[in-house]
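Mind looking over this structure? Questions follow.
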Amino acid sequence: MTFQFIQIFTDMESESLILFFIIALVLVGGAIIFSTLVAPNSFNPAKSEPYECGIPTEGPAWIQFNVGYYLFAIIYLIFDVETVFLFPWAVVMKTIGMRAFIEIIIFLLILGLGLLYAWKKGALKWV
Amino acid sequence: MNSIAQYFTDLFKGLSTLWAGMRVTGKYFFSPGAIVTQQYPENRKTLKMEERFKGEIIMPHDENNLHACTGCGICEINCPNGSIEILTDRVANAEGKLERVIDKHIYHLSMCTFCGLCVKTCPSDALAFGQEFEHAVFDRSKLTKVLNQPGSKIRKEAK
Amino acid sequence: MLTQEELTDIVRSFVPESVFPEGTQLLEVVVPAEKYFLLIEKLKSDQKLSFNYLISQTAVDFTSNMTVVCHLESTEFRYLMVVKVILTDRENPAIDSLTALYPTAEYFEREIFDLFGIRFNNHPNLKRLFLEDDYGYPLRKDFRDEVNMIER
Amino acid sequence: MSSNIYDFSTLTGSIHTWLSGMMSSGWVIFTEMVLVGLIFLLMYALLGLFLVYLERKVCAIMQNRVGPNRVGKWGLLQTIADLIKLLLKELIPIRKSDALLFNLAPFIVIICSFLAMAALPYAKGLQAIDFNIGVFYIMAVSSLSVVGILLAGWASNSKYSLIGAMRSGAQIVSYELSVGLSLLAIVVFSGTMQLSGIIESQANGWWIFKGHIPAFISFVIFLIASTAEINRGPFDLAEAESELTAGFHTEYSGIKFAFFFLAEYMNMFIVAALGATIFLGGWMPFHVGNWEGFNQIMDYIPSVVWFFTKTFFIILIIMWFKWTFPRLRIDQLLTLEWKYLLPISLFNIVLIAFIVLMGWHF
Amino acid sequence: MMSEEIIKDVIVGEQEDYLINLGPQHPSTHGVLRLEVCLKGETVKYLNPHIGYIHRGIEKMCEALTYQQIIHLTDRMDYLSAHINNEAVSMIVEDALQVEVPERVKYIRTILDELNRIASHQLWWCAFGMDLGALTTFFYGLRDREHILDIFEESFGSRLLHSFVCPGGLMHDVHPNFQKRTKEFIKYFRTKLPEYDQLLTGNIIFQNRSKGIGYMSRETAIGYGVTGPSGRGSGFSCDVRKIAPYGAYDKVRFNEILETEGDVFARYKVRMAEMHESLSIIEQLIDNIPEGDFTAKMKPIIKLPAGEYFRRVETARGELAVYVVSDGNKTPYRMKFRTPNFSNLFVMNEIASGYKIADLIAISGSLDLVIPDIDR
């Protein structure tokens, strides 16, 4: 059963994404071009300074930033890949039944142990 | 085991406190009668300022265009910001004696902080607070006002 | 509770040169500049007094001299005391800093430096607090600002 | 399916045949593309403007205020006036900013939300693209918008922006897991990732009712996690007004800022629509088991009304969150995800798999 | 939920400092205060307050004004406790001239002090909620504050800066409706205070944001001279109303609120409890206002006898001490205001370093700073 808005796209759906890509480009690009045409434009060196509460900035903004985010990114990477594996399983869970259930329990157990390990190791703590 | 129980009690306690907050905002969402906003320019007709409201300083004049200011200058001395200037004249009165009358009682609204010292110290109660509060103007010089009306005279009290 | 007399006696035992002016609202003691830090240190550390709270520290320009005034309180016994130091050198007044005893003194002293120009020895960060570096010392009586001051 | 009175596919089908009769097939494709493009453009803009207006009104009433009421009746034109103002504002170039990335960022956030919109089923027969991996697709494209935010923060060469961007990176990346797992719960129930299939499977009751408590838990987790993923309060750390002034879009001005603003609201619409589709049956009317009469009456309400009612219900809940709660701190935000939402949703999946295995759901 | 120990790692390493300015144009600094913050990641390494953006030289201006005129300047220091500031200067003049003000004046002044304190704490509450991102608190706080301001407007004609107290008494008598409206307000506000607790105090996110954050020990509080609710949150008993009662505070029963945790939440709790306490003080006084004059007999030109005078009052933010040196003229020779916020601000570096940048906002909010009071 299909509910395609455009009948022609029934068998080439991913190509029609280009259309939406183009619409978005046109929307943003058009608005920005329109805005540059109609909006006032005046130069003032103070205006183009990066905002820092009215004080000239000290030092560069682009420095090596201490990221507590880094560890999370790695853990995320692991878990996200695992989640991707879960999706195909989820679709066929109903049809396969018991075997899929046992397999996923083992899978999630390992995943959970991994999370527990990371938790106990203090990787989930913000540094 | 204990820590797991703790984990879940924390979770549910936390959720219940969140729900308590949402109940407050939710209650107001469904009671639009609680809205307190006043529609300012529309309610100008009904907007009544308090009787003592310090909007600006005025010099009350009666129906004969008479005021009570003797031009003594006490308000000028007492003003902490120098927002009052009095220009006086000497005019001969009926008996031929020179008498001091005010020429202009100049009031700089832009400098006034509404401390009320001029009104309080005025010996002849010539000054008062007015309720007008819409003072926005485009030109700062318009905030300098002359309080005595043109052609006004001092009220002679029956002594 | 110690009486006024007992307090003066204790202070005198710390710094014999201290002077107690008559007829003041609070107990007042005037000490020489070189004994100032010593006295306050003792006032703070003495078990019977423990003046551990510096309410305010300021200065007054008496044209002939500069006086630094400290209001101290003991949070335990609720004694109040005023310690004064008279600095006769108006050109280059200097005095010890209390920052080591009271952290809050760091900023009171910066304010005094800013507005009176009194220097504090051993101050960790003696910079102007409110005003620009080339501004005068506005709370001195001889300060003149032709542009912004209106004489009345 | 008892009734087809509001099936949009008959309408689109007749347009297609009408156009085919008039011109060659190449021109038909072109005309249809232009039509669809215009409709989506219009819908995007109108929805965005309306959502901004709605947010203002909702928060105003919650705060005992009137909200916008000057421009137009009840302030309805307020957001349009704002749009015009933003269009006429100067676009300020920031010194030393990375000009290419700086200008690219608004494109990315808008494109992401547009691509996600393409796959949403708005009503019966009203869906531009019906992927067979629809859930997965929407998750994928909507999480791409973090790239736009990171670029915006990095390219601005402003310290506030950089911190905001870094925060949003950690945040969106983390909460994506929970969103995925909570959606997975319903995929397990319905056995398909195609959005139309999921809606079809709710013809006799929505999953939030059919799926017992685990489905409800999934729904709650979905609400929390998707609120976090679209950077809205109480998870608006990326723009944390009181800490980072405006976070990643501090340096953007005029229409470029407007696009970030618009994308934020459209992302809210997208997650709300996704939540409505997955948990609340999308455009499917409210049906109760085999009460034929009741179901018939419900069918008379157009499917598009059902869809938007449910979507705006979820949007209201998300707004309610924002206008009630204080903001979380970054470490608390990640603690919430990794120590509460993720373990619970992992456990929830097992529970749901067990229920499905036993056939306990309706 | 989410309870986690504070990570207090101030690592002074070789890395480049990430200097960031909060203020003077920043949504959370409540005025033109500039905090120069050094960050390591999201953690504050140290911070450096810069002030003076609205320094008006009030102390210098006082040297040219008479004592009646000074009153209106004190309004503009801590504008949220304007009335209490006025009272400090009035009392120092009354002390010096040894004028006994009528009982009625004392009662009314005390009631107004407490109303002003409630209004100030309400504004603090809503601004504090907003600092933490709960935007709705702002409007609820302001909605209830409006009731107090209406009472003020009816009696004094102005809402915020009401130079109502003058040396010797009051400018004029309070409005006849004053008692009635104040009692109405107490009744109204008693119903609204539980809402504050539901919305913010009990909220788990709020508690996690504030508990254990910005710890200030009692010694730190005394050393830095942190007074008022901020100091009392650390167990520093510094309520001038108790230590040296003025006005009618010796006639009412009230508790000095002390908390010992010393964190943001303790300071929050002190202020919330003080609102309750202020309501009860007003309740004890409002029905017992004695009849009488609203001012003592004062000469039109006030000249303080030569000497030095010192007076402390408890404003909504802490201890305001006024120190006057008079040379016998009608203007003071030197006037010093020891303002509470001045000392409260500079403890920031001590208590905020080591916490996150989001905590810094919470800490500065919990100190309840009013910047004009610092700059003077």
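Letters are used for the chains, namely A, B, C, D and E, taken in the order the chains are written, and counting of residues starts over at 1 for each.
Throughout what follows, a residue touches a chain if its C-beta (ideal position, glycine included) is under 8 Å from a C-beta of that chain, and two chains touch if they have at least 3 such contacts.
Since we're looking at a predicted model, the values are computed, not measured.
S.K.: Take subunit E out and leave the rest in place: which chains still touch each other in groups?
M.R.: Excluding subunit E but keeping the rest fixed, the chains that touch end up grouped as A, B, D | C.
S.K.: Out of curiosity, which chains are bumping into both subunit A and subunit D?
M.R.: Chains touching both subunit A and subunit D: E.
S.K.: Compared with subunit A, which chain's mean CA position is the farthest off?
M.R.: Taking each chain's C-alpha mean as its centre, the farthest from subunit A is C.
S.K.: Quick check: more C-beta contact pairs at A-E or at C-E?
M.R.: Ranking A-E and C-E by C-beta contacts puts C-E first.
S.K.: Any idea which chain sits dead centre by C-alpha averages?
M.R.: So the chain sitting closest to the middle is E.
S.K.: Greatest Cα-centroid separation from subunit D: which chain?
M.R.: Greatest centre separation from subunit D goes to chain C.
S.K.: Distance from the CA centroid of subunit B to that of subunit E, rounded to the nearest Å?
M.R.: 25
S.K.: What's the distance between the Cα centroids of subunit B and subunit C, rounded to whole Å?
M.R.: About 42 Å separates the centre of subunit B from that of subunit C.
S.K.: Where the centres are mean C-alpha positions, what is the separation of subunit A from subunit C, in Å?
M.R.: Centre-to-centre distance between subunit A and subunit C: 61 Å.
S.K.: So what's the Cα centroid distance for subunit B and subunit D, whole Å?
M.R.: 50
S.K.: Going by the touch rule set out above, which residues of subunit E reach two or more other chains?
M.R.: Residues 1-2, 4, 7, 18, 20, 26, 42, 136, 143, 199-200, 203, 205.
S.K.: Quick one: which residues in subunit A touch 2 or more of the other chains?
M.R.: Residue numbers touching two or more other chains: 52-53, 57, 65, 67-68, 125-126.
S.K.: Among all residues of subunit C, which ones touch two or more of the remaining chains?
M.R.: Within subunit C, residues 152 contact more than one other chain.
S.K.: State which pairs of chains touch, listing all of them.
M.R.: Pairs satisfying the touch definition: A-D, A-E, B-D, B-E, C-E, D-E.
S.K.: What residues of subunit D sit close enough to touch subunit E in their complex?
M.R.: Interface residues on subunit D, with respect to subunit E: 59, 62-65, 159-160, 163, 167, 233-234, 236-237, 240-243, 245, 322-332, 335-336, 339-340.
S.K.: Which part of subunit E faces subunit C closely enough to touch in the complex?
M.R.: Residues 51-52, 55, 57, 59-60, 64, 95, 220, 222-225, 236-238, 243, 307-310, 312, 319, 321, 323, 325, 333-334, 336, 338, 342-343, 346-347, 350, 375 of subunit E touch subunit C in their complex.
S.K.: Write out the stretch or stretches of subunit B touching subunit E in their complex.
M.R.: Residue list for subunit B touching subunit E: 10-11, 13-15, 17-18, 20-21, 23-25, 36, 50, 52-54, 78, 80, 113-117, 120-121, 129.
S.K.: Any idea which subunit A residues touch subunit D in the complex?
M.R.: Contact set of subunit A toward subunit D: 1-9, 13-14, 16-17, 19-29, 31-32, 34-36, 38-42, 45, 47-53, 57, 60-62, 65, 67-69, 72-73, 75-76, 79-80, 83, 86-87, 90-95, 97-98, 100-101, 104-105, 108, 111-112, 115, 119, 124-126.
S.K.: Which residues of subunit E touch subunit B once you look at their complex with the stated criterion?
M.R.: Residues 1-3, 65-66, 68-69, 71-73, 75-76, 136, 143, 146, 153-158, 161, 163, 166, 171-172, 175, 195, 198-200, 202-205, 207, 300 of subunit E touch subunit B in their complex.
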